[in-house]
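Think of it as A, B, C and D in the order they're written, each chain with its own count starting at 1.
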Amino acid sequence: MMPSTLFHILLLLVMPPLLLGVINKTKAAFAGRVGAPYLQPYYDLARLFRKGSVFSSTTTWVFRAGPVVTLAATLLAALLVPLGNHPAIISFNGDMILFAYLFGLARFFTTSAALDTGSPFEGMGAAREVTFACLVEPTLFFILITLARMSKSLSLTPMLIYPSPAVWVSAGASMLLLVGALFIALLAENCRIPFDDPNTHLELTMIHEVMVLDHSGPAFGLILYGAALKLFVLGAVFVNLALPFKSGNLLVDWVAFVAAMLFLAVLIGVVESVMARLRLIRIPQLLVAATILSAFAMLLIVR
Amino acid sequence: MLTYLLVLLPLLGGLIAWLIPDNRVRPLLLPIIALPHLALSLYLIATPSIKVPGSWLWLDPLGKITLLAVSALFAVCAVYGVGYLAYRQERSNRVLCLGLLVCLAAMSLVTLCQHLGLLWVAVETTTVSMAPLIYFNRNARSIEATWKYLLICSVGIALALLGLLFLAYATHVAHQDATLLLSDLLEDARLLNRDWLHAAFIFLLVGYGSKLGLAPLHTWKPDAYGEAPGLVGALLAGGLVNCAFLAILRVYQICLASVTELLFFQQVLVGLGLLSMAVAAVFMARQHDFKRMLAYSSVEHVGILAVGLGIGKGALFGVLFHLINNGLTKGVLFLSSGNIHRSYGGKTVEVVQGALTRLPWSGGLFLAGFIAITGSPPFSPFVSEFSIISSIFVERQYLVGGLFLLFLAVIFIGMALTVLPMVMGRPRTDLEPTDYRDQLLTVGPPLVMLLVIVWLGVWPPEALLQLLKDGAAMLEVRS
Amino acid sequence: MVSLADQLLVLVMLINFIMLGSSRMAFVIRAVAAQGVILGIIPGLLHPFSGHLLAITVSIILAKGVVIPYLLNDAVRKAQIRREVEPFIGYVPTLLLGAVFTALAFVFAQKLPLAPEHRDLLFVPASIATLMTGFLILTTRKKAISQVIGYLVLENGIFIFGLLLAEAMPFMVEAGALLDLLVGIFVMGIVINHISREFSTVDTSQLQTLREE
Amino acid sequence: MVFVWNIDVDPVSSLLWAIALIGLSGLPGLLLKRPGPGQILSVCITACAALWGMAGALQILGGAPATRYLLDWPLPFGPSELSVDPLSALFLLPLLLAALCCSLYGLAYLPAAGQPAVEKRVTLFSGLLLASMALVLVARDGLLLLIAWEVMALSSWLLLMTDQQNLQVQRAGTVYLLATHTGSMALYVFFALLKGETGSFAFPAAHSLALGGTVTLVMLVAALIGFGAKAGIMPLHIWLPGAHANAPSHVSALMSGIMLKVGIYGIIRAVSFFQQLPVWFGWLVLLLGAVSAITGIALASAQRDLKRLLACSSIENIGIICIGLGMALVGIQSGDRVLAILGLAGAFIHIINHALFKPLLFLGSGAIIHATGTRQIDRMGGLSRILPRTAPLFLVGSLAICGLPPLNGFVGELFLYFGAFSDGMLADLPVIGFVAPVLALVGGLAVITFVKLYGAVFLGVPRDPELAHGHESPLAMLLPMGLLAGICLLAGIGAPLLLQLVAPAVIQYAGVSPLLFTQVAGAVPLQQLALLNGLLLAVILVVWLSWRFLVQRAPLASSSTWGCGYLAPTPRMQYTGSAFSELITGLISGLVGTQGRLSGLSGAFPASARFVSITTERILDQMIIPSLQGADWCLAWLRRMQHGHLHLYILYVFATLFVLMVWSQP
């Protein structure tokens, strides 16, 4: 058991940037470019950690605390999710609520840090971030409560390990709705297209990227890494739901999980390549739609 | 006989007041008469009174309660009068002092009367003696008010007289020897002729009701209260109302004795009472003239008394207690509003603003009086009003109770919207304040009354409660 | 004797009509005085002679026949009241109304459960008719002075009913009532005086400054 | 007062003495000629009494026997009874704490030197307010409760009127007085009916009242209106924002942190009388709670007035409490003990929590106003420079009220989530399950609101240069805030303590065995939560240290904020609070509207134009005010009855006579 746990933690800490690499590679492929190497995000992080920092004279300790608390909260959240068939490091009844609220904490500090710069652009980004996240919350909880009802358990690990091909056969409709809703939530939470464009901070897409405009050096590194980690964590949740391949074997499960994650990354890359960004006004509508999907999923299993 | 002294003392005082030439000295006579009168009344109230069969004058508990309310109120007003009239040296106060004292005599007589005819005479006397007082300000508005007051009340009282005659005739038709002595009537009320009795009750109710100011017979009230000096207004609202209500109580006693009429009489009382409250509610809203507002508040409380009396049973105690509380609280309100009127030279909310800033004491008293009259603890009107309300619900009169509370709420809103802008905020700078300033003689008396109200509201003395219980016992149905 | 009283009562009712119909203030006042005097006489016809009775008779005649008319005339003179009565609605309609009311009074009186000895007397109808006349005058005449007169007539009507049971009303009460009436009229006279001074008219339809807007 | 002593000092008596002392604490000041000493004295008295009382309350919660005292006064309603059970003690505890903090705070916030005129008044009435609120909690019969209730309403109103010359204050005060007094009318009905049914005003034993359907319905509705109006449940909340915004801050703290809870207490107590509640009642409370929570926080997110925002968020928190309460009532009705326990525990814990962080925030807002002299959020900014101590305390409050770990706000909501999830997991028709998404939405909105608040007030640079030179508050103001913030943190990390506190009340009220309670509540992972909170702090520390390490290795520079190439940014270019919440306000415009007005932008060379936008509340502006206007119009028509024609007045008299004659004819 011990080595598996170690590998688990290692995977948590190491794999996230790889996802970004895969996504970018995919997009490059669609654009007909060679694209940056898969490990590019690692190089970026390393460089950023070596760089010096510039702090705006208007900022206070909140600005510095922002990335730190965000990363810490995300790390803790990461410990609560099972990876594939492997139970989470920490698991207890009700951990899903803590899971959701840890992201809330992270959001609070990211946006506060953004506001601390006193720049209109960052303020705009922060406003959009909190608003859209607020609209995602109900979706997340509908999904969670539906899973709780399916798996008759109140903890993430059993909830997320429960789905299996059998379940897909029995409750396929609601599972489909859940996966759809979750995918939308995933994209929105991680500020991917169609909600936001991670590559630019043009005015129309000023959400995540613009919030962190003023961060530099190690702090910015922490932010990038945190974002990647968040993608990884939510991705893991998604994978457990959408691709519930399980064999009793430890090794096989690990391989399956990693493969699934990479597939997810490719999927995101594909979406980002084929879809255009939504107009800002449309975003809330899409999010509400996701909420409705998840609510339907719940109704379907109640019936 | 001390009882007669109760009436003679003020009359004597009135005579002296008429003879005193000096305008400054004369007001001093008011407390000189009123305080002994109060002492005397307290003594008489404390001593158990023996009923002499066939006697016309003796104090029964109901009389005692009324006497207490009237005499206490008058004493306070008398002290206030000294301070007030010091500001009104521009005109002679001879008639005022005379009228006040005669009115006191008449009111004392009302509380003593056991003979309905004599009672009628006394009530009519209070009416007439009050008329010149309302006209104290000697201007077009006050004369109009006086005229309306005089005529409507006289007509009403005349109808009451007819009612009395019907009553006597009812005895006559029943082959008794016609009488108007209360005790006799109570004895053989069952034997009297129903129809005449019925007619008598209606006429008496309308007659004394117009004096009491039950809607729709209240039309003179806002005018008279609005134009009379605060001092007189207090006596109108706390003195005359109580006397008229005592008269109604006497009629009620007879109804009680003649079992058949009681139900109808109670229904009428509840109906008119609710109507009065409704009317008060309607006219309180958007009332710009705070003295007229007080008049409508008086209409409201008359209505409360009527409803309580109509409900009977547990409410009776509350009614009798409310009789006292209403009188005293109205005293506070009218006296303090008189001060405010003096200081601003106007009685509309457009003129009067920020009273708390200009007259901290009078403004505060007015505010406190407002809170008290709307039935908030720790003031005593809360106790009486709430006991009436609760017994309405105990009697399962849900509709009556609901309307009662509804009207109370509307009235509170209307009153608050008039009072609060008056006392709060900044005084208007474009209006010159008059030379009036708060001082002991004009602020002390209402303050004392307020303290009494708090006292009664928090820890009323046993003796008073006993008296009220006795009074209520006189009005309860004996089976 | 009693029949004589009845004829007097008829006279009283006629006077009611005169008051409703006449336009001259002075005349109306005289009519009221006459009515008062008649009412003063009637008790003497009903009851055996007694000190009580005499006192009542005298005081009533004095009050209603002499003092009050004097006060009214005095008020009229002091206030320089114009001689006309000035009704809201014309004389003829008031007369008709008066007639209707009187008729109703007779009908109503039939229904009342009177004591047997009063059954066929005019007292009750007369009193009701007079009452209603007073009410008519009170509500239809503009001048303050004529409202006082209306009040007087009202009182007279009540008094007529009172005649039925003079003994029920002890002297003291009678006297008190009369006294109050006197003082009341006196005060009213004064007030009228002031009204005419303030408004230079005693037309009470002018007295409307006090009302809710 | 004549207390019938039956044993020597016990918790209840010490509580009663504490209440009496607090109530009278203002009196010495009145007797003293010079303002100042009286205030200090009253603070000392209040503090000691509060500590003494808290000891008593804790004893009661610890299971000490509750003696009953008889107040035998001559009022014609029979003697009144006073006692303290765990439920009362639960509410008394935060009350006394708030008394301690707020009175100390007032010492510096309204210094006697500053306002000699109002100081005595405020001291006296805040003592009265505290005492009357406590009296409501310990009263065991309707009359005493009503009297205390009215005194509470009046004294709070008089405190609100401290600055009575200000027109805005005057308006708010008037609305408050009208609302509270009309609410009391409903209570009159409730207790009158109680008297009518039981024959006395004394509280009946719990679950002993078995009445007919109609009476029960009327009583329940009356209680809900009467107490709910004071608690600020949604449709009855109109008075709340104005009142809490315009009172002196430490009074707002009391009103918002404690007085609202007294209303909640009233509902809880009143409901406990009935043997059999109608099923719809629990659902109604739940629904009202949900509505209040969402609309309350939605309103808050749109406010520009610092204290109005806090006031509106109080509506939200009351809503959350009501959700828990409704959950519990539904549970009790349907015999679902688990739901009852979770709901009650959640409600009670949230009551305590809200009584911790809401006063903290109001006191903080007081410090801000003290420093800047304005309540307008959009004029502030960068205050954490001039208020270096207040800022972090305020941040703690903001995190706590958003229910974010590791602070205490999360604990109460956790229980509610558990209720929702367990229902959603097991019930065959999981309606209560929908509470979870609702709470989540509310939480998200709360984050928006308080990021906006904290960011716009403390972060960035001052938008209004004249606010730049304020000053930090004196120690007497910082100390209470620090205390409250500390307790918030402690209660958040040591969550099991909170459960300990509410356990007796829940057991008593839900009527369950302690064993069952420990089973159900034990299922809620408070220990793990405590551990994880610790872990979270540890991780933060680690990340922080590693970041420090990295930063110090490399050169450090400082410059102005990067303006995307724009070279002359001014403070007024910052994103204001209004702008921050504009996006969400647009989405919920059904509840709260912002009306903008752009003035004078015309011609080829427009002069300097200004854009004014105000926040309007739909319920007040579009439902209540129009109806009142309609009523007023009708009354105006009726008022023609008093037309001044004497003839017609006399006609009234005769008409009445006639009508009565006709009516009486059989």
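The rule is short, and it goes like this: a residue touches a chain if its C-beta (ideal position, glycine included) is under 8 Å from a C-beta of that chain, and two chains touch if they have at least 3 such contacts.
It should be emphasised that the depicted structure is a prediction, and the values quoted were computed from it without experimental measurement.
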Per-chain Cα centre nearest the global Cα centre, belonging to chain: D
Result of counting contacting C-beta pairs for C-D and B-C, higher pair: B-C
Approximate Å spacing (C-alpha centroids) for the pair subunit B, subunit C: 31
Whole-Å separation of chain centres (CA-atom averages), subunit C against subunit D: 70
Approximate Å spacing (C-alpha centroids) for the pair subunit A, subunit C: 101
Averaged-CA centre spacing for the pair subunit D and subunit A, given as whole angstrom: 37
Multi-partner residues of subunit D (each touching 2 or more other chains): 639, 641-642, 646, 650
Sites on subunit C at which at least two other chains make contact: 138, 147, 204, 207, 209-210, 212
Sites on subunit A at which at least two other chains make contact: none
Pairwise touch network: line, ring, star, complete, or other: other
Contact footprint of subunit C on subunit D as seen in their complex: 639-648, 650-651, 654
Contacting residues of subunit B [partner subunit D, same complex]: 147-148, 151-152, 155-156, 159, 198-199, 202-203, 205-206, 209-210, 216-217, 219-220, 222, 264, 268, 279, 282-283, 285-286, 317-318, 321, 354, 356-357, 371, 374, 376-378, 382-383, 386-387, 389-390, 392-394, 396, 398, 401-402, 405, 408-409, 412-413, 416-417, 420-421, 424-426, 458-462, 465
Subunit C to subunit B touching residues, read off their complex: 112-115, 131, 138, 144, 147, 151, 154-155, 158, 161-162, 164-165, 167-170, 172-173, 176-177, 179-180, 183-184, 187-188, 190-191, 194-195, 198-199, 204, 207, 209-210, 212
Residue ranges of subunit D touching subunit B (in the complex, touch as defined): 73-77, 143, 146-147, 150-151, 154, 161, 164-165, 167, 170, 173-174, 177-178, 181-182, 185, 188-189, 191-193, 195-196, 218, 632, 635-636, 638-639, 641-642, 646, 649-650, 652-653, 655-657, 660-661, 663-664
Residue ranges of subunit C in contact with subunit D within the complex: 88, 135, 138-140, 147, 204-205, 207-213
